[in-house]
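In the two complexes that follow, chain A is the common piece, with chain B as its partner first and chain C second.
Now for the complex of A and B:
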């Protein structure tokens, strides 16, 4: 019987590059930027790292298919380095590899690093992810905003929500992330934007306008993990130690897309992964126990339904919570306190680790102008793929003692 | 992404499993499959049943009638070839036989589409005369 990951792995150090249009750097240099910060934070020599996981998604415009770019760029010491890819949940997948390696006892100190260099594509969205068992002609004329916009339609239909009520709540979600991102020196977008501006922006896919969609960025994020015992021996005080409380991954089995078990108004895998994560972390009442969270806000509607899928809002209750400021910076459970994908940015392979980075900074009281008061548990939610066919990674981190 | 050079609109790469579906479309028919073990119908084409993994699911002609399950109106084309279609409706259709499939809803004002609306099969002709199953208001 497995005993889960809770408190078996401590975060020794983390780093995150500035996200944005990084014309001055390639993927390798971006990796060095986050790795250098993580190494300094961990207070170790790079030769003490015994295994590493590289997460990158769009290899066609990025670092290439193997893990060699990380091994070479970071001058790792001929250790095992593995490249992973799992759509937009790639960052969490890299983190999971390193955390599991330490938890198994196979190595003492492991590195997870995610990187993506996307602005070189020259356009705003992501390159196509066609192929395999996802032939595009079974989904004619699909666009990424379109397939998430359908969730909004299904949500309005299920809960009898008028369009203007939903549209206003979605605008509040984006405005909140812009306000938070303005306080984050590493964020891609650092400009506050009003709800009126957001609601007047050009339509992308009904009801999602331009400001309901996150962009893509260049950037990198890294985590160095070990056991709590080794962290103590390296001088980390247990009071100043962040450990992994839960780490779960749930993938669609195809039922949402074709077998009619799903009404389109939520993300099924988020619900599965969240309940497993709460059980693993020993959390019984997430709305009372989670202090802050970072969700995969690729679109504002994704953030809204995720609040319900994580059981933080009741089903159909997320709009009221958003309008009440429950998830704002000064609310009960701040969401996207670093600006989220919307404003911190979305370099695919780095995003999952970037979310953990913010929770880590907050738990250690190092988040500067956006620091929250005494957070206990931070949750990250990383979604790859489409509402009906996807990969969801959830982590919960907290102080060791 | 509308500057991605996909032009004209793509036609499918047909394999052994999907051939009956696309052959049916060229005849003006929507073909779906039915599991030999559970009797349940499903889309898209597979060489085994997703319900019980029984092999060789039966092919049958669907009625071509269904209901709008969810939809959106796309204003920004995914690829340049779809620009002229904008704004277009992207929808999940629940077929009368049970399975859901994704489609566009053609030949109507996009603003007139509603969840629960009845739709029927039609076809879009792409390059080389290739027919793609689509839907329109019933």
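Now for the complex of A and C:
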């Protein structure tokens, strides 16, 4: 029986670039920006890093294939560097590689860095998905909003929610993230927006409008991890140490997309990964024990159903919780306190690590204007792919002691 | 006895208002307003002669076995491929066995009747127990031309065999005359057309009636005994000239369908024949004339079996499934006679992996998935390991065709972001009643009328066109079933 990852790995340092339309920078410079901050935060020399994982998703733009761009841009010491890609859950995948390497004892200090340079396409939204030789022969020309909008149709059908009621709740979700993002100097979108503006925004994919969609951003985030013992030996006080409590990944196996059971109104893999993560972290009542969380709000509807998939809201109950402000900055469990994908932005390969970055800052009391009071556990939820076949990465981090 | 054993037809749902089209161009050519009556059929952007032929064939084959079919003939002057057999692709879409003969007939407007003759000859010679004939035409015309108003898009299909014959083949007569009323050179986009008076006076008052007379004499058919005279006249009223010169009563001239469909080229005479068969009584004599650099004259006599044929959509059903289109620029765009802005997302154009297409041809063209030999779960795409989470049995599956399975929309969206020639792109999870689901394109939708739970029918359509390499990619889409938004 495995003992899980709980408290085996500590975060030694983290960094995150400013997210946004970084016309001034390529992926290489973005990596240097987050890496420099992480290295300074960890208080180590780059030569002490023994292995690294690079998360990057979109080959079509960004850095291309292989982990070489990270090894070269960061002038790493000829160490093993591995590139990982798992759709939009790529960042968490890179983090998982570094964390597992340290937990296994294979290395003492490891780096996870995620980067995405999206604004080299010439158009809004993500590049098209034309991977493989067979899928382009039969898949529709899916867009990200188009596939996540599917969840809205199923949710309205299952819970008999009128379209305007759903639209209103989705607007609340986006408005909350805009309010939070306005307080984050590194966020892509820093403007508060009213629900009326959100609901009146141009239609992208029925029923999602422009303001139901997250920012398409350039950015990078990095984490340097080690064992709590080594962290202590490097001068980190146990009170000021954040450790990984759980790290789980769940992938679809084709059943949602091919077997007539799933009704489309939730993300099956989020439910699987969440239950595993709670068990790994020893969390019994997430609604009472989780202090804050960053979820994969690629679209407002994704955030809504994720509240239920993480068992924080009851099935069909997320709309009420959202309307009650349960997940607002001053609510019981603040969600997307850094602005989320919606406003911090969504540079694919960096997002999973960016979420951990915010939890890390909050746990150490370093979140500035948006600092929450005495948080205990922070959860990150990173989702890649489509509602009917996807990759979900969940991490739970908390203070070591 | 050899003859027609079944028939089917397909007319696309969209009908372009001739008035809308004529008015758009009247500033340049006020003469078009004289033709601004009625409507013409208009292929959706994802339809072509081949997809329409598949639909007509499905109509002809509905509810019956395809086991005896040993050959397929596809007549058209607008085959999507000049060198890749179109008939074979139709056969694949129908999931016919690969042990059949197949042939494309083209090059003239009489390619439709030529396909019928080829099939009749093959069955008569014992070369096939039954043969399938499909005809389809997607006629493009230069914007602002009269042909744009006159042409139409449609398809028809017939099975030819020696038992359960509904219309016995009495015989035929053909003439080949290099009479060029119009032509389309290889590689040319549009027809080049000579004046109608030439067509009327020289062909329809001279050698066409002569050929019909010769045929009737040869077959010993009394012109007065003809019940249905089918002549696909390129422009109105020419049939009457021929009938008059052949002693055929004006009352037996079959509905030209020009007012509601337009002229569907090589498919038109067969389309009219299918329309006649839907109305005909047993024991009636039908004479069909296919015109185009000569003519084919074919005579049939309906049998008692005609009355026993199960009902089908046919021409009447297709005409009822109708949606008026008054947006002339949309018609131009669907026919690619104007090039509208596609946006940068429209530039993506991956190569088609021919080897992957071949390996998966039954999946892609036949919509054949698998049925688990252990738990019976129907699934798409086919896989080695069963998708049922409580089964996961590994082993070869039973091939399972989804094309005719009842299905409904489980989830959907209308996507304005992704590229499609007809925004917003509709797609969603399509769930089959007897098991199986996949995310499919939705076509023939009405904006604002798509909903969860809506029943759909799977249809074979163009998934995308690769203009750079000349490839047309086909796959199946979900079409909401008749009802919503239709007149």
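What we mean here is this: the second predicted complex is superposed on the first by the 392 of 401 C-alpha atoms of A that agree within 3 Å, B and C clash if a C-alpha of one lies under 4 Å from a C-alpha of the other, contacts with A are read in each partner's own complex, and residues count from 1 in each chain.
What we mean here is this: a contact is a pair of C-beta atoms (placed from the backbone, for glycine too) under 8 Å apart; a residue touches a chain by one contact, two chains touch by 3 or more.
Since this is a predicted model, take the numbers as computed values, not measurements.
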{"item": "Chain A as common anchor, with chain B and chain C clashing or fitting", "value": "clash"}
{"item": "A:282 touches, of chain B and chain C: first, second, both or neither?", "value": "neither"}
{"item": "Touching partner for A:43 - first (chain B), second (chain C), both, neither", "value": "neither"}
{"item": "First, second, both or neither for A:64, with chain B first and chain C second", "value": "neither"}
{"item": "Partner chain in contact with A:154 - chain B first, chain C second, else both or neither", "value": "both"}
{"item": "Chain B versus chain C as contact partner of A:238, first or second or both or neither", "value": "neither"}
{"item": "Touching partner for A:368 - first (chain B), second (chain C), both, neither", "value": "neither"}
{"item": "Clash with chain B (superposed arrangement) - responsible stretch of chain C out of 163-171, 235-243 or 451-459", "value": "451-459"}
{"item": "Chain B/chain C common contact set on chain A", "value": "122-123, 125, 128, 136-143, 145-147, 149-154, 157, 202-206, 208, 254, 257-260, 263-264"}
{"item": "Contacting residues of chain C [partner chain A, same complex]", "value": "343-345, 348, 350, 352-353, 355-357, 360, 363-364, 377, 379-381, 383, 387-389, 410-420, 424-425, 427-429, 431-432, 435-441, 452-453, 463-464, 473, 475"}
{"item": "Residues of chain B defined as touching chain A within the complex", "value": "1, 3-4, 10-13, 18, 40, 42-44, 50-51, 69-78, 82, 85, 87-88, 90-92, 94, 98-104, 115, 124, 132, 134"}
{"item": "Chain A to chain C touching residues, read off their complex", "value": "121-123, 125, 128, 130, 133-134, 136-143, 145-147, 149-154, 156-157, 202-206, 208, 253-255, 257-261, 263-264, 386-388"}
{"item": "Chain B-facing residues of chain A, complex", "value": "122-128, 135-147, 149-154, 157, 202-208, 254, 257-260, 263-264"}
